[in-house]
Each structure stands twice: as C-alpha cells, then as structure tokens.
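Per-chain numbering from 1; labels A, B, C, D, E, F, G and H assigned in written order.
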Amino acid sequence: GEALIDHHRGLRQGAPEVIFGQGKTSEQILRIAEGLLNGNNNVLVTRLDADKAAPLVERWPEAAYDPLGRTLTIVRHAVATTGRGPILVICAGTSDLPVAREASTAARMLGNRVEELADVGVAGLHRLLAHLDQLRRASVIIAVAGMEGALPSVIGGLVAAPVIAVPTSVGYGASLGGVAALLGMLNSCASGVTVVNIDNGFGAACAAARINRQEQP
Amino acid sequence: GEALIDHHRGLRQGAPEVIFGQGKTSEQILRIAEGLLNGNNNVLVTRLDADKAAPLVERWPEAAYDPLGRTLTIVRHAVATTGRGPILVICAGTSDLPVAREASTAARMLGNRVEELADVGVAGLHRLLAHLDQLRRASVIIAVAGMEGALPSVIGGLVAAPVIAVPTSVGYGASLGGVAALLGMLNSCASGVTVVNIDNGFGAACAAARINRQEQP
Amino acid sequence: GEALIDHHRGLRQGAPEVIFGQGKTSEQILRIAEGLLNGNNNVLVTRLDADKAAPLVERWPEAAYDPLGRTLTIVRHAVATTGRGPILVICAGTSDLPVAREASTAARMLGNRVEELADVGVAGLHRLLAHLDQLRRASVIIAVAGMEGALPSVIGGLVAAPVIAVPTSVGYGASLGGVAALLGMLNSCASGVTVVNIDNGFGAACAAARINRQEQP
Amino acid sequence: GEALIDHHRGLRQGAPEVIFGQGKTSEQILRIAEGLLNGNNNVLVTRLDADKAAPLVERWPEAAYDPLGRTLTIVRHAVATTGRGPILVICAGTSDLPVAREASTAARMLGNRVEELADVGVAGLHRLLAHLDQLRRASVIIAVAGMEGALPSVIGGLVAAPVIAVPTSVGYGASLGGVAALLGMLNSCASGVTVVNIDNGFGAACAAARINRQEQP
Amino acid sequence: GEALIDHHRGLRQGAPEVIFGQGKTSEQILRIAEGLLNGNNNVLVTRLDADKAAPLVERWPEAAYDPLGRTLTIVRHAVATTGRGPILVICAGTSDLPVAREASTAARMLGNRVEELADVGVAGLHRLLAHLDQLRRASVIIAVAGMEGALPSVIGGLVAAPVIAVPTSVGYGASLGGVAALLGMLNSCASGVTVVNIDNGFGAACAAARINRQEQP
Amino acid sequence: GEALIDHHRGLRQGAPEVIFGQGKTSEQILRIAEGLLNGNNNVLVTRLDADKAAPLVERWPEAAYDPLGRTLTIVRHAVATTGRGPILVICAGTSDLPVAREASTAARMLGNRVEELADVGVAGLHRLLAHLDQLRRASVIIAVAGMEGALPSVIGGLVAAPVIAVPTSVGYGASLGGVAALLGMLNSCASGVTVVNIDNGFGAACAAARINRQEQP
Amino acid sequence: GEALIDHHRGLRQGAPEVIFGQGKTSEQILRIAEGLLNGNNNVLVTRLDADKAAPLVERWPEAAYDPLGRTLTIVRHAVATTGRGPILVICAGTSDLPVAREASTAARMLGNRVEELADVGVAGLHRLLAHLDQLRRASVIIAVAGMEGALPSVIGGLVAAPVIAVPTSVGYGASLGGVAALLGMLNSCASGVTVVNIDNGFGAACAAARINRQEQP
Amino acid sequence: GEALIDHHRGLRQGAPEVIFGQGKTSEQILRIAEGLLNGNNNVLVTRLDADKAAPLVERWPEAAYDPLGRTLTIVRHAVATTGRGPILVICAGTSDLPVAREASTAARMLGNRVEELADVGVAGLHRLLAHLDQLRRASVIIAVAGMEGALPSVIGGLVAAPVIAVPTSVGYGASLGGVAALLGMLNSCASGVTVVNIDNGFGAACAAARINRQEQP
C-alpha cells in the first residue's frame, strides 16, 4: 500500500516561514530574507540582537526592528486581519515584556488583531481585575509570566476563552531559568490552560493564530 | 478604588464542575455527586478505580463506568453538541489509550463531537499518513503520546488546526515518568503545539472545548 | 577560650517535644509517650496512621486521634492560649486538607487560637475574596496549596501579616511530588512570603507559633 | 454575588515599592525613581551594579550606593523605626556577605533596627556560641549561608525567635548554584525554620519586617 | 608490552566478600553462604529482610540476625581486632539508626572496635558537645544523618580524625530520598569530610576499615 | 593466577588518537600534533575554535580547518576507504549542522565514505521522505537533532540499518541544553536506535566506524 | 509534489513485531499472540510477569517462559541464524542478569548466535581480563551494568567491535534508578560506545541485530 | 547543665587556615595573607587566577604561583613531613590535571609526601596496570576523574589503601558539569571508596591528610 503527502507545509499551517535569528549570522539571515522577499513574502525574524539587525536595516530601510521584542519585520504587502477576534497578550511584570512583545508582534504578522496588557501580576489583584471586561472580550489570551507563573491560573478562572501560558526565564535562584514557572503552569488548577516552552512568545502566537482562524477545516 | 468580580465561574468557563476521583473515597464522591444531581447536573468523575466505582453504579444504575479511561458518567439530560467541529483524539501506542479515552469522554461531556485514532506512532509513519484526510477535517487535535512524545510534532507539520499535546507516563527508565515526553512536546519543532500536564487527558479536553466553542466572547 | 551553652532546648524554643510517628512502631511511640506523660507533658504525635493509633487510644482512652490530619493528642492540662492573635490556616483544595489540619492541630497545641478556611483556590478568586476581612484579622497566615502553589502569592498581596507557605504533594505528573508547588512558592512575586518543606504542616505551625509569641526576648 | 477589593497594596503590605535593578537600564531606573521621589517616597534599588548606579548617584548626590550589597538608597525623610525589636542578620562565611548586606539594608529601610554578625559557620562552633546573648536578644533572626546551609538549624535549636533562612549561591560543583543549601534549609531538623529563595536577602528582610510589626491587625 | 595483574582481590582489599541481600531470594543467599562457609569464611549478609532471614537462621542456628540493621552474621572463627583505634558511629536521629547499625556491624566484622552514639542532632548541640571526649578519642568517625545532613560539618570542625559522612533517606518532600542530605555533606564547610552513597552504612564501614588498618603498605 | 593485556589500543580500536581541542591551548595542541606527525600519523583535532586553529594552520599550511564543524585535519597519507558502505549523516535543522559536520569529518578520517543530508526535520515530513532511497542505501545512519530529537525515531522506522542518534544542545528553555533531545532519543519508539552524548558528533562517527568495519574479528 | 512510502515496516527492519508485556493483561497478550501465530510468525513477549505468563503457557504448551529475563517465546519455525558473528552479552553483577538475559533471548530470536558472560565487574579486573579472547572474537558486544556503569568503558578500550551499553536500575540512593549508570555510559571515555535506555535489554538486542546483518543495503 | 568547647580549631584539625581565592579581590587576599604571615604562618591560596596572583607575587617575591593548579604558596618555615606514607594523586586525563595539582599542592603543604600519576584512564587499562607497584605502595590514593568517573572503582579493586575519589567538571553535555562523574563515584562497585565535591582537590587533600596523620588521638 502507499500513502501520499504533499509538499506545501506553508499553506497547510497558514503561517509564513519565520527566521529564527538566534545562532545565525547577519549574513545568513540576509541571504534567507532575500530569498523570501524575492518570493514576494513578508519577513519576520525573531530573537535578533540589535547589532545583528543593523546590516539588515541598512539593506532594507523599510525594515522595522523592535529592540524590546528583538524582532525584525519587513512588510511588503499589508497583513490582512483574518483572525476571528482580538488576541490579548497579558504579562505579569515589566521584565516579562520582551517575551510578551515577541508574542504580539508574531500574532499581528500572522493576521490577528492584538491587544496588550502589562504589569498585572497576581500579587496586586486589583490591577488585573480592573481589566475584566477586556479579558472577557478576547478571542484567545496569551498569559506571560516568570517567577511562580501563577497568572494563567487566575485568568483561566475568570474567562471561558482559550488561555495559552508562556513561562519566562525571569527570576533567579530557585526559578531555575524558568522551570519553576513552567511547572506551575503545567499544574494550573484552572482546567484547560495549555503551555508552551519557556520564553517562547513566538510559539504562543502561532498556537493562538491556529485557534483564531476564521475558516473551518 | 474597587473592582468587581462575580461568582459564576461555572458559567464563565462553560464547563461543568467535574469530580476528581483520585484520593477521594466512594462515600465522598457519592455525596458530591448527589449534590450535583440534585442541582440537575450531569456528572463526570475522572481517575476513578473500578472498585471505587462499584458503589456508585449500584446507587445509580444508569451510571456508565469506563474501566479503560477510568471515568464514570451520569447523563440526566442529553449533552447538546455545541462545538464547531470534530475534536480528533490520536494516540501513539495502545498503552496511551487510557489517557486518550479520558480525553475523549471528557470532550464529549463538554458538548463536542469526538473521533478517535489509535496506534499511529511515528516509527510507523504509513499508519499515520493513511489518515491524513481525517486529520485535516478535525477542528482541534489532541495528540497523546508517551516515550519520546514525537507524535504532536509530526501532526503539527501536517495540519493547520490547533494541536494539543498530552504526554503520558508510559515508558520506563529514562522516560522519567513522562518527563521525557513532556520535554519533547515543549520543544516541538512544529510551531504552535501547546502542552498540558503528564497524563492529563481531562485538561486537554477542557482546552479543546475552550477552543471549539461556537460563540465568540 | 571557652563558650557555654545550656541544655534546656525545650525552654528556649517554647515548644513541647513532639513525636514524629512516621517510621516508628506503635510500641516505640507508646514507650516515648509514656515517658512524656510521666513528666506531666501533653503529647502530640504527628504522621500517625489509624492502625498504629489504635493501641495508643486503647491505652489512653482520653487520647484524641484525628484521621484527617493523622495526629493524636493527649491533653493532661489545658493548653493556655499564649499567642498574640489568631493563626489562619487556608488551603486551596480539598486534597490539601490533611496538611492544613496537621498545621492547625499543632498550632493549637502550641498555644494559639486557630481559624481554618478551605477550598479557596486561585482559579475561583471570588471564594477567596469573600473572606478578605477574616484574612486581614489574622496575626499569621499559613497558606497550604498543591499543584502550582499560587495561593500564598495572592494572599501575600492582600495582607500585611506574615504568610507561611506550605507546598503539598497533591497533584500528578509534572507536580513532581510537590516540587512544582515548592518552587512556585519560593519564587512568589509577593515579597516576604516564606516557605517550609512539602507537606510540612507541623513545621509551618512551629514557625507561626514562634512569630505569634506574646513576650519579647 | 460580588466581592470588593481595594487598590492600596502599598498600605496593606506596609512596605514601599522597591525597584528591582536587575535587567533594567540606568535610564529605566532613573525614570521610575523620579516618579517615586516626586510622590515624596524614599527609594530603595536592589541588585544594582556599580556602573549602572553611577548615573543615579550623579543625578541625586544624596543617594548612597553600597557596592557590597549592591543597593542604592535615597532617603528623603528619615525612616522611623517601627519594628518591635532588633532583627539580627547572621552569615556563615565572608562570601555570604553581599546577600546578608542586602537583607540588612532592606530591613533598615523598612523601619527596623538591624544587627549584623558574620563569619560564624558551623564548622567553628565556638565563634557562633560566643554570641549566644546577642542571638537570644533578637526579635527575628535572618540566617544566611551557602554550601551546605546548616547554620539556620543550629541557630533554630538555640533560640525561640523566628528564624528565616536564606540560602546563597556561594559554592561550586554539587552546591548546584545554591540548591544544596536551599534543600538543606527546607529539611532543617530545627522545627519552625522558614526559607526564602536563593540569594533573596531582600525577601528575607520583607518577611522579617512583616513579623516585626508593632501593631496588630 | 604486557602488564600482569593477579587474581586475589580478597587479599588486596583486606575485606571478606559480603553478600548484598537486596534483590536476592533466600535460596540464592543460602547457596552463596554455603559456599563461603565451606571455604571456612565468616559470613555477613546486608540489606536482608526478616522474612528472608528466617530460612537462613533455621539452616544455621548460630547465625545472628539483627532486624534493626537488617544484617545476618555467621561467625565461624572469632574476628581478630586489627584496627588501630575505635571507630565511632554517630547518628542524628532515631530514624537514622538502621543505617548506623549496618555500619557498626560491618565495621566489627572487618576487625574493628566500634562505639555508637545516637540522637545527637545539630538542633540540640549540647547533646553532641556532652560527648566531646569520646569524639576526640576516635580513630575514625562515621557520621550518619538524614534531612539536612549537617552533623558531619559540625563534627568535622571539632576533631582532627577522618570523618566519613553517610546521608540517609530519612525525611520527606524536599529531602528527595536522601539527596538533600547527600548534597549537604558534599558541600560541607568542614574541610576533609568525605561522603558515601545514601544509606550506605556498609560502604562507610569499609572505608573506615581501609583507614584504620594497622599495617602500612 | 595472572592475566595479560597488551599495550596497542590504537590497533585494537582501528582508530587514530584524536586530539580533543576543547580546554587545550594552541601550544599544547601544536606539541601533541607534532608528535603524531613525527610518528607518520594523520591528525584530527576536534572542538577547535578558529583563533586557536590559526597558529596550527600557520605552522602546517597543508592543514585544513573547518569553521563549521570546528575540526582541523592534516592528511599526510591518503585515508583508505575501508568501510563496508556509505555512512549517512542526517540533521534536522541548520543549527544542528556543526555537530553533523564534526561527525562526517571524523567518519571520513576513520576510512568511511560519507553522505550528508540537512534540513529534514519531522515537522516537514515530505522533505525527509523525498530521500527514502538514499536512506535505504546507507550502511549506517547518524541522525543529528536538537529540540525534541524525534528524527531518529522516524528514520528508525524507515530503514533496517543501524541508526545512531546524536542529540544537540540546540534549543532553549525546556530543551535544558540538549537533555530533552537526549531523553527523547533514549525513549525512541523505534527499536534498536542507540544514542551518544549531547553534541558528540565525534563519538557517533567512531561508533559508525566500528560498525562499518569490513573485516570480522 | 508527492512522496511515496510503503507499508512494510516489518520487512524493512528485519525484526518481528514483539509484544511489550508490561501494562497489558494476559487476555490482551493472548489475543495479539494469536493473531501473530495465525500469520505464521514466531512470538516474543518481553517484560512478562510469571502470573501473567501462566494462561499463555496453558494455551500454548510449547511456549517457553523464562522467569529470569521475563520473556515468553513461541517458536513455530526454527529461527535461522543470519547474523555475521556472535553477539556477546556481558554483565557486571548478578543483579544485572535479568536485563542481560532479556537481551540474549531477543538477540537469538532475531537470528543471532549469542554468548553470555556474567559477574565481570570493573572492581575485579582479572575476572574480565581472563576472557579477553572471547571479547575479541565477538561481532558485537552488549555490556550491561548498573551502579556506576563503568564496564562498557573498559570493554570499549579492549576491543574494536561495536559496544552497546545498557544501564540497569540496579542500585540504590544516588543510583537514581539507573540514571547514574546511564550518565556514566553516555560520558564513556572509550570512543564509539553507544547507549540505550535503562534496563532496555531488548533495545540493545535490536541494535546489535541491525549491526550484525549479513546483507548490505 | 553546661558543655565546654575550646576555640582552637586550627590545632584540632591539624590544618592551617587556607585562603579560598575564588570571589575575593587581590586586595582582600593580600590583607588576609599579611595577617597570617605576621602570625608566622605559611600561606596557601587556592582557586586563584593568574591576574589576581600578580599583585601578591609582586608584594612577596618568594611566593610561588602555580598556573596549572591555580594555587599560591608562601613558605616561611619548611613544612615538616608528618604523614605516615606517600599520598598518590592519580588522574584519568590531561584535562583533570588542574584538580589533581590542587590536591597535590595542598597535600604537600599539609605535611605529606606526594606522588603524581597522570593519563591513566580506564579506556587504556595497560597504562594504569603498568603502575601497580606504585599504587600498592601508597598510604592513601586520591583518584581524580571527569566524564564517567570510573577510575576510582578500578583502583579500589586493586589496592587495600583508602581511596578518595574527586569528580571533575571536565566533559560536556550529559556530564552535567561533573554530576555524572560524581554519581558514578558514589555508586562505585568497589567498597570503601569515599567521595568529595566536584573539582574539590583541596578537600581531598585535607581528607587524605586526616587519614595519613602519624599520631593516634
């Protein structure tokens, strides 16, 4: 017997090939980006340090580099908003902002409307509860938190929408580089919270985009 | 300043309170179930051993106990299918079946149409690829796998729908009680795969139900 | 040079010698308890299984065995309440009750007024917030939680009193026998939360009693 | 139903908002400090490297930077001593001094009288025992130790006051960055010792301040 | 080139072949013991449960089974004391006694005079210091402790003799089955403390016997 | 009794002594290489950074330094191909290339014909399946992968030849420096996959060369 | 584009489908075995406890159950020896025998001549060196060892053949259920040793069979 | 009751106070060394980098800095050899030399005759066996090894003297910074091997000196 599979992963996943900048030289990224642009694609580079971004911005002055989220975007044709509703990216502390920003930039590039909410950690509940309406309007919530990673549990108890938890490596000592937050989120007492890798804002955005697609299979 | 939050978590999450059977006596479960039934609810008990299920089935002969998934369900009013499309529960090996079954039973109780696919591990690709059409018709996929937990990565590369990965404690030695599968899934090279706790079929079903809701916030 | 230290640890710590029941036979415990009672002490045995408690209750009919917290107490002279204010023992789920009960029994035996609050997990915030007044009246709070262990962080943000966090081994998979909750509590974003060993309700009670002493050194 | 919570976390906790310097630029810290000073607050910055402190000291010549504890303080109105008794900060080795110093600076800023005792490790007991009187006069003891972290157990057996243990990352190899000391302290055979995160002198000071408050709830 | 090695490991190590009882059936142990006795050897079996010891005691009524240390000894020819001085086996708590007893039985069978000291944990220093003379008379000290394992550090600071630390699996939660005590001992701040595997009283006795040999190589 | 062993490890293993460059200075490597060349050997240096390679290339202009695989080779007499068939080195992502290249360079130096295949990760199956013929022609396959390390499982299910899995440290967060990939490979559901240390391309090449030897013992 | 893959994994791998007995009931195994026998296959069941084997032996009296290696074999047509040379299975201690036996039974069923060597641990080198000739005659060596797992390193230095290392869970305390042996083997200083999962005698046999195939791809 | 302990730890341990250079500035070390020299002591500084040693050598031209072992010694009065016999320091690979050298320098400063043996790893047994006589002449053996740490097991089987095992952090990947070697040594199948912390050559020397003392207590 035989089975067929086709070659068009891009189409199947609904997501552009994104360049993972970490561990690549500016030259390598430049070459790959050139190929993508020639194919008339928009380009998203993640985990890109400022010094490595410089030659790219010089080559393509229309490129936008974001030093906070460490992403570079080159938009050749406007990204159509295809998501069903807003994706809300929430983070607990200011140190979690880089990961949150990576998530929101990626979610926008994948065709979603994105809202951001920062500094709403669980040790200051009133700050979170002041935004209950916004929380309940969201189509998907990406909750980013380091240290004990309790934010997604609280949010999961407040809304019915899908909640994607992103642990961050923010912290020291027994935070074990984000493992404490990761374990906390995997053991969330709010049923139906799902988790991605430590600091993986990009992956959370991809998952949210999969969920937020308008068309059905 | 003040912030308001209301008390109706059940409504907000769209999910019934489920009884977590592990660590509870038959008597305790009986009492809780009675309360729920009096409130005119359907009942789902998870992680329930056969011997602890017996007194419950004796008390309510209409109760259905599933020894594979270790769930007990009492359906007083038919569960309306409210999900947008089918949830597909796939597992890699026969030893992963109990976790897969917990997921599919819970997903059905939460108002979803569920399909099941078993024994499609990555070391025998043709078995998985023979079901490509079914994979692509699914609204959400729950991929259950122990050992190295590679199944969700392969599936994530084949479909555009949300993929929820459930690591199982199946294995021995360096599987570390499911931690190997968990880590594998968190590091999936297929973007947008999200993960729940080891053996947490119930949690995956809740996440899938959150995703599959028809109404928008 | 020389240094002097005296032998009266009991006096110094203000706490009775407690019998740690785990790993001891009924006969061993009986012998130790007899010695303490002869010395006119009250007796507290912790981590004592029901079958091992039976011979002790037979020997001393006035002994009180608590199967939930697995403690046995023999009170020969009424315990004077010497603590400054009430110690509040809070737990997140019903499965955390045994550890919470060990804490409250021990705190009472150490001369404190104790209040208990159960089933106030962070995924259902309104249940916790409904008790704000009680929280703020407490002299010391012992917060017991398994799974992701987020409860102490939320409480630490709501009150100014000392908060002692007790992680429990409740959970499965990535809870790693309570390590996830332990790490979460050590990384609490609420400043000034301190932590004891997993399932160590007794230790938390001792710490609370040290804090709650009326007299100053 | 509804529940109310107010917004005044600062008041509730009795502690000023402290700036966590790690991972922030001088510019960011300068901006936050300016806001706090405008609100007529004293300022405490922790985990601040010397080079990042320089622009702050230049801007506010009255600022005091401590290179050992890596803290910067700006005192606009004298800190009233509100604590019930002295907080004693003890450390085992000279390498533990930075963490001990962070603790004592923070405890002073939080309104406490602080005493310090250094180089009293358990391998040279006579050095510790020579200070028994000072130990027994303390209202709260913060015991800082790296390597095997045995100091708090010995102290907990000598005094009746609350003992807060701070593991440090001092050591190499099997010290696992402070995890060995952390585990040792969590397993202390002296009942009632509580523990904070590795190197978290600030957190220990906050816990001691919560304990040392004069007023009752 | 060629190198020669001879076959007489027994002679070289100065230690009899000992039977490790764990994981062996009574029949297997009986057969091995028979062989050793035929060769005119004394026999030591370690880690032997009472029920597995019974058939051996029935077969050789002169065999001595110790239920505390779980050893069985058959002495055909009196063991000559060949060690240079007394080996002192100290343990912190009563739960550490089984491991301490395994060590002292083995040390005696290996030709050493042995002294024992129990219940001298570091949270009650005066109990330990009351035995300073005995400590300083010892040729080698074996210090057995569970939980935080601090005993060897304190002893190492009090004596000039070799100190062998034996961590035990006594404890729960963050004791991680003895790993906390093991790490504590490896990080001892008393220079020159060496460590053996968790619960390895036998190994400590062998090391002490190697050290205590009268003859020089 | 006596036993003989001879000194000619080089001969027995069929492999030249290779210089492990990591942690050695250029001077040390130069001295060792000189000795080997004087003995008329070819030289292979692994884990050699570019700056440390420079003095060696200056000294021996015929030396070939490969910055990707970080190897330096000096071939004095052509390496005879003695292997039975081609060794195929496959890697999942471009970041795995350095490890794959170390493996292929070493395998060639050990007398094997080597083929390379890159960028064939399991999230894009068609890319791998497009090379099925090449996979099935290989005598031994070395499968290099980071992140979840699923590649060897899929390959092991497609071919009957020996598959050696090399986990790489590529990834972040929960990849734990390659431990996730290592655990995944050890738990491979494809029977008969064997594993070497993280990033150990050299070791995989040695194992493949042992397997691919033409002569029988 | 399209890619084809066929369904005949059995053929490709040269190995029969083997039944993994762990976690299956006798009834399940009976049903699967029946299917395989109907298809005229030989049957191998691994990890099968004696009580679960009984119904199978009753059903097929020609079945051979081995309580040491916990395997059951039903040989309908004699297994042709197709391997190139003998596979030598060596183990360090008698407690490692079950894993070694699983390996040798599986290797024989896969068409190989097998030799066994036991009790040749590295602490008694002469016992190992006495068998040097046998070691050097082997086509593939499977080295089974628990505790520190040093045996494969020593063997890898003595022979040029492929060495497959199998760590066992034999040991206690810091052996961490076989993880110590596993890590030791992965870090072997003998180049070209490969490793399988803890206690995975079956996997080692499959790997050895892949290596020992006579035909070339 | 009272207990006396005196202050003369130096005398009791028979070892000089040594300066642990890691984490100290040149100025700090200079000040401490000055104090020791004024008290007419010899000085040993360990873990001292070359650049931090320079000011010390400038200040005391008679100081000897060893860049390999990273020690600095100032000998004001010749060290009397008081040990009973030679201490033999053996290491497996050249990368283990720094730790071995720290051990031998410290052992000499503590009054012992020291011999060194390098590059005798277990994968090349003949190199080790060629030195059997030297091994058997030693009073104490310090065996230093990284990677799988098997050397002490082999040596422990060859000699009757005490063997102190020192794991090193040499290796990569699954060596986990020396933890693999540490675990291997703790699980040594040669009875009576004791272990110190990773890279702790100094501690091994102290232990060997305690063992090698001529006088009895």
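Going forward, a contact is a pair of C-beta atoms (placed from the backbone, for glycine too) under 8 Å apart; a residue touches a chain by one contact, two chains touch by 3 or more.
Quick caveat: nothing in here was measured; it's all calculated off a predicted structure.
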Shortest path length from chain D to chain H (each step joins two touching chains): 1
Recurring contact interface, reference B-C, options C-E, G-H or E-H [over half identical by residue number]: C-E
Between F-H and B-F, the pair with more C-beta contacts: B-F
Gap in Å, rounded to a whole number, between the CA centres of chain F and chain D: 51
Centroid distance [mean C-alpha coordinates] between chain G and chain F, Å: 25
Geometric centre distance via CA averages, chain H-chain B, whole Å: 57
Set of chain G residues in contact with two or more other chains: 1-7, 9, 123-126, 129, 156-158, 173-175, 179, 182, 186-187, 191, 197
Complex contacts: residues of chain H adjacent to chain G: 92-93, 121-125, 129, 147-150, 153-154, 156-158, 171, 173-176, 179-181, 183-191
Chain C residues touching chain B - in the complex, by the definition given at the top: 94-95, 123-127, 129, 170, 172-175
Residue ranges of chain E touching chain G (in the complex, touch as defined): 5-7, 9, 20, 22-24, 167, 169, 177-179, 182, 197-200
Footprint of chain A on chain B - complex, ascending: 1-5, 9, 12-15, 18, 84-85, 126, 129-130, 132, 136-139, 156-164, 182, 186-187, 191-197, 202-204, 206-207, 209-211, 213, 216-217
